[in-house]
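Okay, so here's the structure we're looking at.
All chains are identified by letter, namely A, B, C and D, in their written order; residue positions are counted from 1 within each chain.
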């Protein structure tokens, strides 16, 4: 759970409303909602989550428009398509609403603050490093993202392939573009099966979406557990695969902490506290953030191992 | 001079031709396509949709349509999983039974609404699809069950095979799910060709008034047809869940129209009373074939949809044009747009 | 006659919202007889059938069947008591084979499971019983109207029918097929069945029935033994007045050609040539499937010609679609009134204006409501359409009035050529007379008319020229003088059935 | 199966009754939260992009067809316009001309995409349901191939202004929507082509036999749907300042629901534009109220489904309900009279 004690107690004593808009309903954002609830308990402020029905960016915009009309104090958002939100964010800020984003570094200049669990390229490089190590620096590999439209995934993908290209020159990416798993396990599964056929010499995969378990499952079914998989991972879905080794490494950051930190930052901004390098957002990994421009980076990557994966509950 | 029923229809011939030509093209580009495991993999990934297609075929023969099957499949498999997880049971049979039972119940709701409202079932089941999904997530649960929380029998079943062959690219196995497809095909064949009720369903799709006049009860026939759809949806939902080894509260729904497209491409009439099992299977097969051969053709993800859309339009155009020419020859004028 | 009747109605009344469809009807049906019901459109014949088959429940009165008295029946009881109905629309299943159409009721009643061999056995037994030859594998869609009719009869026989109601079974048949059907009816009667036969064609009624019950406006006029009845008397009982069909003569002295068709070839047609002069009513006869409707559709642009020429008012023209046809002044009153001719769920007004929307514009280009209403009102008046108002939905009108509205729709466009495909099918003799009157007046005013009909009498009454079709070709053209010869009726029948024989040869070969 | 078309006849009036009732309920339950100037204007900003789509769907419904490709069309033409606006395509166009070229280009492209649907339906005889299902995939696929799925950003300032500007507090795009809806209503009910659309939708066969050029009408209507999709696409990209595949996918099913609620008969030939305008407004108010109530997305989905079923049920039973009401009011009337005596 969120670790901090009361973050940013209300300056003037009135109850502030902070709304977190997540991308969609799934275990990841369910966990994030836990963080938000924790913050609500810790501060007594009106902090709650709004969940769009699907990943369609228009739904986030429409929720945001409605919230602007309701005159809330701050909106936190994990954008599906950051750029499409820019005009609405402008509108919100013109109306005096604080806007804090998470996972949207590329539109940081338009918001009050963007909170990142880490620098994208650093996180992406972890994938590359892990896969490189697992393969011993040799062989063909393929990379997946959830969707080509997902900026963060694309950033990690780029960083990972770059890392491999520079540190493990013996490895070849089989495709110029990442494969899409459409954020679904069965797509990851069937794409993997096809790749196995089209590129029989492939040695490893990495997936920037949490659906890499589909790859592991496919390899298990094909009896190809000699291949390596590195993926973003959610313990509730991936623990089995991490424990039996069909997924070599799982990476993540804790959504509850990220949600807590993002909303806590929004509360601090409402109270006109400044957030700079060294500020404590009262969540694990965000005790000592680094501020660069409008982005506050924590350092909160998680690496799951067969030993530690059961300690997490999201 | 007259076509007999057990022959093969023009539409099916056209589909075979498309599949053949396409397969040759893919095979020339990448000979890996002709490996037996490619077929096995298409069978595995399409099997739950094939099962759904059989249910949809029966509903469409009755002169209706049902686009709530994904919601029913989700509702059934989610409920079953939730019950299994909370009781600690790991019986896959129980899960199937619950899922199919729920499916039948929801299917009957569809049947009652369609009979009562007398509006196009497309719109009605669009409503119930939203309704079912909403009710499930609001009242039953909206949490995801990942592989770590599911009974191991799920993944054991999902990755079980009838037999395995070891090849240089790995083990190749024919998924057990093919038994379900075969079962659904046989059951559907039996239902629509060998039972009086089934003939009544086909008759209903031809003419409701005439069916009433020879003593059938349309409501009953609809309950059988939509209930059967629900039953197969429940079954398909479990197949999917086991193969994926995870239960999400929001997967499956949203893919309905592709299945409908497949069945219609297979020559099943949207106005009812006409359609064959083989056609429906071929239609679905084409869509899966397209979706799962892109990598063979070396296409990257961003070309995926463009490609599938283009082929889809070609097959729609070819099959519709055949029908149109036939109608023109017999001077039958199209009564729907 | 003191034998107990099979079916007896006592003091039956039936009200629909606002309509008193049957008024105190007594009716009895004896074993082994053919009982005809006659009466104008809407006089309550079909309602009586539906009460006997349990589809409608009478408002009051009793029904006895085989000696048991019922307040009301339901289709289940009626069927189990051997009451079967062949409805006007036949109630067949389009995409199913004839065999299955025949067997389905019996199988539904007796079995849970279906075997193809069983279906064939049932169907074969029935067709051999009535001694006809059918392609049992053909779907209904692929079968001719006559064969469909026979399949419907076989279906009822397969159910061990004791009482068979046939609601206008002959409307879509030509003379040959009608004769075949009437023969079957007589055979069935001999084998002990009782048959209730409804038709608007008096000659058929007189030919086949033992007893005739006449209805007028929901009242029973009386039961009459067929032997004592003549066509003239019957039509008087039905309408309350003497109905006489005026015989048409072309009074145009100059022969001004309106339409010349030469060597027309199209889908199902070949080598058609035909002339329509000013004031002509050209009759087109032939068997079902002889291509008459296809020819009509060709002229109207819905079955475009592949070769040959069509000359209208001296100008050669290509008719590629219905809109062009309309512009050239060709109008078609289609065969199927309810789906092709009318928008059943639109108002009388919208229906009448539907063929001339393009001309209904006011100065600013908007649709002209006032003009539309005026046209519709004129149409209703000139055609004598009985309707509460022009805002009534057309499906609420009687068949005859619907047909008059369909004619009004085309007359308002001032056509040069009006093609009428079976304009009096299912229409009572009163309305028929009115429609004949209209047809002849139109011809008199200079419109060329092509009249497609299965009734020789209708053709002889209205036409001054006749073309006989067979197998998609013109097999014979009869001039005005030939039509005045004695014995022409018989000769025309023969000409038509010649086609039948030729067709049989062609099919055998 | 024979569907009942007649039941839809009186829908606009009963719909307006429901609408007024809901307005009152909203006023009581949410009070200022719903009727604050801010909320009203926020709703007015959100409505047009969805409204255009729904007007398009209405046209398809009037013909007894359906168009599933509207959203994909809107996004594709938006993407093309975006390429022009950002100067990625046709860079030689002078700065001042970019906006008009983009707008006209987008409308032309969307019309072409719409008419391609028309072509499939008329030339190849494909049922609109599957023809547009195919083009939906194709158009989204073209958009995907062009953009690789990324958003296109960086439009000229003046263009984004269109999406956020208002006159006297009323958003320009909302005014545009009302104008388009008004013209559409006028077109459908007062023009000759409009009348033909109703007839063709009622019964394509009878309309063919009335010498109405069905194919031409279907083609024109689907082209018009395309234009409306284009308008929607332009509204979207100007409002969100970016263009992307998949934006507004959720509108597709919603527009079907709104058409039914707005009294457009899916079997063709029935329904009025005013019904759609009322239904679009209702839909927007409902979705605002869902946000105010913090409903989960699934609850929202459930309510939409329930509403669709209930509206269809009410329409189906409208005659019976009316009769019950009459009986009740008669009884009340009699009771009153007795009291008077």
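Simple rule for what comes next: a residue touches a chain if its C-beta (ideal position, glycine included) is under 8 Å from a C-beta of that chain, and two chains touch if they have at least 3 such contacts.
Bear in mind the structure is a predicted one, so any value in this text is a computation, not a measurement.
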item: Two chains sharing the most C-beta contacts; value: B-D
item: Whole-Å gap separating chain A and chain C, where each centre is the average of the chain's CA atoms; value: 73
item: Centre-to-centre distance between chain D and chain B (centres being mean Cα positions), rounded to whole Å; value: 30
item: Whole-Å gap between the CA centroids of chain A and chain D; value: 35
item: Inter-centroid spacing, chain D versus chain C (mean Cα positions, whole Å); value: 44
item: Chain C residues counted as touching two or more neighbouring chains; value: 302, 339-340
item: Residue list for chain A, restricted to those that touch at least two other chains; value: 24-25, 54, 148, 177
item: Per-residue overlap in chain D, given as positions that touch at least 2 other chains; value: 144, 148-149, 203, 205, 208, 296, 298, 300-301
item: Every chain pair meeting the contact rule; value: A-B, A-D, B-C, B-D, C-D
item: Footprint of chain C on chain B - complex, ascending; value: 2, 4-5, 193-196, 198-200, 202-203, 205-207, 209-216, 269, 273-274, 328-331, 333, 335
item: Interface residues, chain D side, partner chain A - complex; value: 33, 36, 38-39, 41-43, 45-46, 49, 144, 148-151, 153, 160, 163-164, 236, 239-242, 244-251, 287-288, 291-292, 294, 296-298, 300-301
item: Complex contacts: residues of chain D adjacent to chain B; value: 1-4, 63-66, 68, 120-121, 124-131, 133-142, 144-145, 147-149, 201, 203-205, 208, 218, 253, 256-257, 260, 266-268, 296, 298-306, 308-309, 312-313, 316
item: Residues of chain C that touch chain D when the two form their complex; value: 300, 302, 321-323, 325-326, 332, 334, 339-346, 350, 354-355, 357-358, 360-361, 365-367, 393, 409
item: Residue ranges of chain D touching chain C (in the complex, touch as defined); value: 5-6, 190-192, 194-196, 199, 202-203, 205-213, 269
